[in-house]
Amino acid sequence: MDEAMPPSGVERSSRIEDLPGGIRAAIEAILVVADRPVTDEQVAAVLDRPTALVHSVLVDLQREYDGYTGLGLQSTEPPAPRGFELRNIAGGWRIFSRTQFASVVADFVLDGQSARLSQAALETLAVIAYRQPVSRARVSAIRGVNVDSVVRTLLQRGLVVEMETDPETGAVLYGTTTLFLERLGLGSVTELPRIAPHLPGLESLGEYDETTY
Amino acid sequence: MDEAMPPSGVERSSRIEDLPGGIRAAIEAILVVADRPVTDEQVAAVLDRPTALVHSVLVDLQREYDGYTGLGLQSTEPPAPRGFELRNIAGGWRIFSRTQFASVVADFVLDGQSARLSQAALETLAVIAYRQPVSRARVSAIRGVNVDSVVRTLLQRGLVVEMETDPETGAVLYGTTTLFLERLGLGSVTELPRIAPHLPGLESLGEYDETTY
Amino acid sequence: MATIAPTAEKTVFEVRLTNFSGPFDLLLNLISRRELDITEIALAEVTDEFIAHIRRIQAAEGEWKLDEASEFLVVAATLLDLKAARLLPAGAVEDEEDIALLEARDLLFARLLQYRAFKEMARHLAERFEMEDARHPRNAPLEPQFSRLLPELLWKHSPEEFAALAAKILSPRQEKPAKVSIEHLHAPPVSVRDQAVVLQNLLLARGPLSFRQLTEDADSRLLLVVRFLALLDLFRDGAISFEQAAPLSELVVRWSAGELSRPADRLTGDVEGGGIPEDGARRSVPGRIQRNGLEVARYG
């Protein structure tokens, strides 16, 4: 934050502000992809900027999304809130859909939702069950499609859970839950029927995955 | 869409536009919870509004996020893009972080997905993408080297898949996967750039491949 | 990648050598370093460099893998052929060998052009991958107020059904065949040398025979053609003689060398099935190119 700042930090510092949209847009970019609430400190660490500065930008964004333009009385336009809002819950910031549109969003979310798991969800669940702990990237590779949204469905349904983080890649590793076992009527994962006998050479395939990922 | 409209629809119709932010904010609320690309038609159905109207609002939002304020020459402020962008991929809309902030965002979404492909893997992938369904022998002939291990890597990455078996020769034929398209941001194989301009008069070379290997 | 910068230091270049993804890659690189148009240059001009480079790779990597080495050698052999042709006096053209050489060159050009096109596409794919990796879709979990609205999950799978599903997804797309058939890669090779032996045995056992008789058991056009080639070779070597009573009358073939002489042993070069054009037009045959190339390579 002062003379002691390392050179790399300085370099990065000058860059963010020069980008179109500056630090404000940089913070937005983080918020929009974050899959859990992020704290002032996390954002400050990633951007290498003072926490106080980051906090004030976040508060400012929150107000802007709510429809305050910052132009004060000069503005002739009525404040127009965005369809999303920035909420600070227990110290973490997260973008939510705006409450007023809850009925619209509910229609959208429930559209096409059924009480049954889709074939894609079932297949993804099968891969996670037999390969846990496993990253989304590896499940994608096995199934040949992006599984991000399907994994989220399984998370929402409480059938899978984030177990740990791969120490090398930093990827989140998923596994199945107690609820999953209850649904199958099993006591533990080890009671899953063995499938290895039907899969010649699959064990060695696992090694390949690790080395190429 | 007229007299026959059910009461609930009428009720809803009058409400959205009256809410702060109007239809524009309603569409944003949907986009922000969507976990996959959403089409004009889906949004139009949920909001019970004409597809053309929804489409024009979406295009407008896209421009706004990119920094066009719509105020034209009156605006004294330089256009400031947001940290996110709205992209239309294969007919579906989805919010993405803006490319310029990739280095900042990467810290939050490390999932091992960005492992680089080798030059050999890229070239093999290109041949398979443009010649699918295609046998390993033919890919070998085009690249002038044995491609067995490279194809295995591509299979493990989920970028190519065994599609079928050549009825005549019994050779396994390979093609690209949905994951391949998603990683390229394409909707279908037909959106790949044309290779013909790079292959002057060589379309018939395929026959040679078979005979020279 | 499109323009390869001239390398400042030899050591840098040698490090990069090992990164070529095949003989075409190396050849393209050599051509672009000399700023030659791929469609106009005589490939012979880069032959020496090509050979020198594969020698250096060999020295740097110690041992070659056999299949890898052969891929480079096929290209090297073709290049040497072309260079040898250039060294010959200009008058000595227009025989069969020269035409085969020209065809070999055209084929090499064509395959090189094709490879270049795909290399270009690979570069394009790399750019797209990089661009897309720089963007991340919004992927937030469903907000709690909405996930509460989801209908209760219906689950009807038994553990066994679930395991069967997993086995299906986790197994390779197809059953791997127990025995890998390679018949589709090459039609059964028919060797000129072997057929010469067959002809020799026929002629020694049954005396003078007509061409029709010598080929009556040929069950494919390929075999027919190879028998004919073998006859020409035997005639060239003075092992047989032809007799024809009148124009267009039947050709009689007679064994004229001694029984112990085995001229067939001197013949080399197998002709592979796929190499004979269906239309019967005279074109170079892969086996032929390879034979010439390997012979030249031995002396070069």
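Should a chain be cited, it is by its letter among A, B and C, assigned in written order, with residues numbered from 1 in that chain.
Operating definition for what follows: a contact is a pair of C-beta atoms (placed from the backbone, for glycine too) under 8 Å apart; a residue touches a chain by one contact, two chains touch by 3 or more.
In UniProt terms the chains read C = Segregation and condensation protein A.
Predicted model only: the values in this text are computed from it and were never measured.
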{"item": "Closest chain to the centre of mass proxy, which here is the mean CA position", "value": "B"}
{"item": "Maximum centroid distance from chain A, chain identifier (CA atoms)", "value": "C"}
{"item": "Centre-to-centre distance between chain C and chain A (centres being mean Cα positions), rounded to whole Å", "value": "49"}
{"item": "CA centroid of chain B to CA centroid of chain C, Å", "value": "37"}
{"item": "Separation of mean Cα positions, chain B and chain A [Å, integer]", "value": "20"}
{"item": "Sequence positions of chain C contacting 2 or more other chains", "value": "136-140, 142-143, 146"}
{"item": "Chain A, residues touching no fewer than two other chains", "value": "32-34, 95-97, 105, 109, 142-143, 148-149, 152"}
{"item": "Partner chain C, residues of chain A touching it in the complex", "value": "32-36, 94-97, 102, 105-106, 109-110, 113-117, 122-123, 126-127, 129-131, 142-143, 148-149, 152, 155-157, 183-186, 191-195, 198-200, 202"}
{"item": "Touching residues (chain side chain B, partner chain A) in the complex", "value": "12, 16, 19-22, 24-36, 38, 42-43, 45-47, 67, 79-84, 95-98, 100-101, 104-105, 107-113, 115, 152-153, 156-158, 161, 177-179, 182"}
{"item": "Touching residues (chain side chain C, partner chain B) in the complex", "value": "19, 21-25, 67-68, 71, 75, 107, 110-111, 113-126, 128-129, 131-140, 142-143, 146, 172-174, 177, 181, 184-185, 274-275, 286"}
{"item": "Of chain C, residues touching chain A in the complex", "value": "136-143, 145-147, 149-155, 157-160, 162-163, 165-167, 169-171, 176"}
